[in-house]
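Pasting the structures here.
Same chain, two partners: chain A is paired with chain B first, then with chain C.
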Partner chain A sequence: MFQVGRGEEGGPVMTPIIELAHVCMEFAVPGGKKVCAARDVSLEINKGEVVAVVGESGCGKSTIGKICLGVQKPTAGEVLIDGKPVWGRGLKMDHKTRMAVQVVHQDSYVSLNPVKTLYQTLSAPFRYYKISKGEADTEKKVIDLLNSVGLNPPEYFIGKYPFQLSGGQRQRVSIARATILDPKVIIADEPVSGVDASLKISILDLMRRLNEEKGIAFLYITHDLATARYFGREGRMVVMYLGSIVEQGGINELIFGPAHPYLEALLHAIPSPDPKKSKEKTGIPLKNLEMPDPAEPPTGCLFHPRCPYAEKICETGRPVLESMESDPAHLAACHFKGKFRR
Partner chain B sequence: MKTLWRNIIESLGIISRNRRAFFGLLGVVFFILMATAGPLIIPLNMTADYVDRFQPPSLSHILGTDYAGRDIFQQLVHGSTDIMLIAFSTALFGILLAVIIGILAGLSGGRVDMLIMRVIDVFLTVPAFPVMAIFAALFRIRDPVTFGLVLAIWSWPGLARAIRSQILSLRKREFIEAAEIMGMSTSHIMFKELMPNIIPYITINFINIARGAITASVGIMLLGLVPLSVTNWGMMLNLATFQTGAIYVPSALSYLLSPMIAIILFQYSLICFGGGIDEMFDPRLRVQS
Partner chain C sequence: MMVKFENLKIDYIVREGAVKVVDGITFGVERGRVTALIGESGSGKSTLAKAILRTNSPNAKVSKESRIIFNGENLLDLSAEQIRRFRWQKAAMVFQAAQNALNPTMRIKDQLLDTMMDHEEKFDYGRALKKASDLLEMVRLIPGRALNAYPHELSGGMRQRVIIAMALLLDPEFLILDEPTTALDVITQSYIFDLLDEIHKRLGITMFFITHDVSAVARLAHNVAVLYAGKIFETGPSEALFRFPVHPYSQGLLSAIPSIEGEQVSRKAIPGMPPDLINKPSGCVFHPRCYLAENICSMKEPPLINMGEGRLAACFRWEEAKKAGLS
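So, the complex of A and B:
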């Protein structure tokens, strides 16, 4: 079906680490209305794979992350971790399976306990699960951990409090904590959007290394197509709009051949560093720059009020996510799939 | 055990670096010693000797004598035990109530939370001292611990509300979510992740409630509502102002001022020490100073 990430080509069919099947997430908002943060989202994350989820703020990408983490129960649909249902009736999921999914939050300041030193924060899981034997072993493991995320020298950082670190350093600690329990996948919700521009790449490289060396899969949630491409490389990308997936496929295929006008518009919105190219570049004339009220979604195609290519059919019929003829791994939810009347 | 000692020494180090807090610590230690070891070292002689009435401070009577020629310093030392017991028991019972009620409100939410908050509002809007005075008159108080218990009835709401709001704000933080995702138990999250953030509030409020209890108990005894013992600072004040006419005798100034100054010094020590505690628990304050 999908092209599985690096090193998995042609292998036997594997159960994905996380599988979302027709997941819907509705929130009640004041006034008796309902906001749909996820509409019929189906997604799978395979072993060692990088999946980037992109979209504007409010498109439901963080909700998808929370559902994958199992902290938010979807209103409909199924969530499977390692083939086991997370919200199965009566059964509580066993810890081991659940712990295969870990998290790196956007704001590293609130994701670390402010009154605990790095040693206290990072040694707690080792002690809790008795991974380490004795205090000396715990200390050694924490030092190794700090080394592995590039906090050098570890002895300098071990007694620091979160507020004494820079945003980038704190984010490294968050990543370190996420790797303690040997997860199969890390959900990274905008991990670098709070980090200084000059440090973004180094944090992405760190996650990249964890992906390559330890085979940890990543669900990389971002609004930034550039970092998605840098981090994702040959991975997959999922484009979300108003809670539904509008396009998905290999990152490079999507970036060089967008089939949905929404992705095309996003790509055109990226400024080019070359002034000549920048002048030549003609933006897509979106009809409306505002996202529609998610409590009152448009009829037909969710994107039609903003789509410059919208025709009659877009106002009535909602397109389904289908494979492109040219590339079966490339899916798009558009009536025209790249063949718009320009 | 070793880490506990290391923590205590480290904490003392932090306090001693702050001059105000160190003064507070010395004061608190002095008054605790006065209340515990004091009565054992300094005997109390309460036999009346009207010849030595209202003596000014001298070598034989450091703080002078009272209306019946008895040593004031002895009374002050022996009275401090009661004061300390009242303050400590009020703070202990008050904190216990506040923590239980605050955590209950913060974790349950919904109607239980609503109800508890409205009750707290009532407690906070009614002025505490008159209510405590009425309680003190209603209950038959024979010992300082019971007195503390009675005072605690009206001491918990402020702290309970603070703990509730702390819990409401902390439980939404992402480090709690991260701990949940790591599969840690609710009790681990409660005691190892949440509690360290709340402990400073509890400690500082322990000191504040104790302070309030001293003022309240002395005030109630000054009014003569709880005649606990003659040597109690509040009783001393009551006797000095209302009963013996010391207020009209110039040489009795020491009798009148001694309990007042003792109360002020103890309160001020507690305030300074409380500030030091705040700094000790909050790493942000600690490093910047």
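So, the complex of A and C:
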């Protein structure tokens, strides 16, 4: 992992593709209350990097994705794409910035227009942004595109409607669509959670290839740590809980050495396909199973009501996200950072 | 055997023809044990589960020679009234905690009592309420609070536990669990499996899991069956099957699961796509995707072959597959 944007060792100063600085996102809910889907979130996505955002439903991971995509304006904080503020002048991003960030949604069935053929869907951006010269060129480009995501033979797929494809094939179309405008980063929000087990890997491999060959960075949003590890490899991982980043660092470092009790519980809860190992995994290290009401977040550390190691300080003081002594790239928002009294 | 499927064939009749969703399944579920049926979408697993309760949609045609034997009785011969009695009293189903499994306009209490009122000849309100509270307690909910709640007031995990309690209301002998944790977070999922494990140990109830999530059932299942395109490809004790799958499809399915344990190894997806269920490939339905396929595989359909140690596989080349799997 390379530390950029600081130029500490005299290396080139690189601007992150996307930078979130102290971003907060509050939603008003009935009863005059507010739900905080992002609390003081700072995050950088660098060129060619894979950043996995993991957490349970309701932790704010999709909100972070929408903020990075520039479709959700945060209530506080700054969003920079290529060093330029997204929400600087009014409500719209300019085209160029928008082209740099693309998205792959979870449900390929609803994210593709059901009454349009793949050709209609995939040729539109070429025409709109005047990338292709004439209809023949557009068709050639769409065929190349279908080839690049493994939809072979392209002539067979080009006239199909989304309902005629399987889930895995539809997700390939979504990915193809996201790559048309040569994006610098793709926000992939649970791209494989609706795909069958035997095809999941091939979709992840396809994204991997785009990352390696085209240098497209990915923000991979998921609840599945195993796919995050598979896809992210040497990338970074961000663990979210109730809108806050609770832990951040290299994916393998986090999986093999969680510093926050929440990540420890998450890892413990993941079933193992090996029955022997799986049988040992009973009882989750948590005091309370239910997530607290996000409209009335706990005082102190957001995790303390569920934390089995919580002490007095956790009820009052909110821990800040800080580097571990052993590994400056590994950050955790916990008073004890792995050194809990078990 | 608690339930035995004998040559079960179910077709869905559509405009284009007959979709052979369940295509000649012979397989038994052991009494008092946990059996898991693993299959991807379109493998026919839900159709098979629904066939036990006979709740398949009207265009599902069950073949004449099919039999589903439950305690010595062929369920396909039962009259409408008999099957109504059979449902929930003998065999109950735990559905996915999706929006539609509970009635959003009724309190949990009313839904639980409704079920009992409908099935019991002498309905006693006090006794029924006691039973409902006891079961909610067994699934670790606070009865006082859960009984009076509407479904939307409960979290997904709580709703799933209510659904489990509801399935146990009439003391069934047989519990079908159709993807019971699919829409839930990992922590909740792990908790539900702890709970089901406890229920199984306490009540000794026969459990039949239907799932696509291989790792989730590894912990509970004693026996496993792998389903592909309406056919059973492999069955056996779970520990042995998960450790050394023999059928090339089971091997592919299990090696396609990324893991958080050990070294990061690259995984391989099974090449190709699931078959068209109207015009199935000849011979073994898996042969177009199989790494071991040879001539015979496209000509003849492999029967389930006994490999010893309680394991069966529908593959002509199981000995080669076994060797390949072990190396």
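As a convention for this text, the second predicted complex is superposed on the first by the 317 of 342 C-alpha atoms of A that agree within 3 Å, B and C clash if a C-alpha of one lies under 4 Å from a C-alpha of the other, contacts with A are read in each partner's own complex, and residues count from 1 in each chain.
What we mean here is this: contacts are C-beta pairs under 8 Å (C-beta built on N, C-alpha and C of every residue); 3 or more make two chains touch, one makes a residue touch a chain.
On a predicted model such as this, the values are computed, not experimentally measured, just so you know.
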Combined model on chain A where chain B meets chain C, clash or fit: fit
Partner chain in contact with A:Ala136 - chain B first, chain C second, else both or neither: neither
First, second, both or neither for A:Leu199, with chain B first and chain C second: second
Which superposed partner A:Val101 touches (first chain B, second chain C, both, neither): first
Touching partner for A:Ile284 - first (chain B), second (chain C), both, neither: second
Partner chain in contact with A:Ala28 - chain B first, chain C second, else both or neither: neither
Between chain B and chain C, more extensive residue contact with chain A: C
Partner chain(s) touched by A:Thr227 [first = chain B, second = chain C, both, neither]: second
Chain B versus chain C as contact partner of A:Lys116, first or second or both or neither: first
Chain B versus chain C - smallest C-alpha distance in the overlay, whole Å: 7
Interface residues of chain A shared between complexes with chain B and chain C: none
Chain A residues within the chain B interface of the complex: 69-71, 95, 98-99, 101-103, 105, 107, 110-116, 124-125, 128, 161, 163-164, 174, 177-178, 180-181
Partner chain A, residues of chain C touching it in the complex: 40-41, 155-158, 185-191, 193-194, 197, 212-216, 218-219, 221, 238-239, 242-243, 252-254, 256-261, 264, 267-270, 273-274
Chain A partner contacts - residues on chain B that touch it in the complex: 173-175, 177-178, 180-184, 188, 192-193, 196-197, 281-284, 287
Chain C-touching residues of chain A, taken from the complex the two chains share: 56-57, 166-169, 196-202, 204-205, 223, 225-227, 229-230, 233, 252, 255, 265-279, 281-284, 286, 289-291
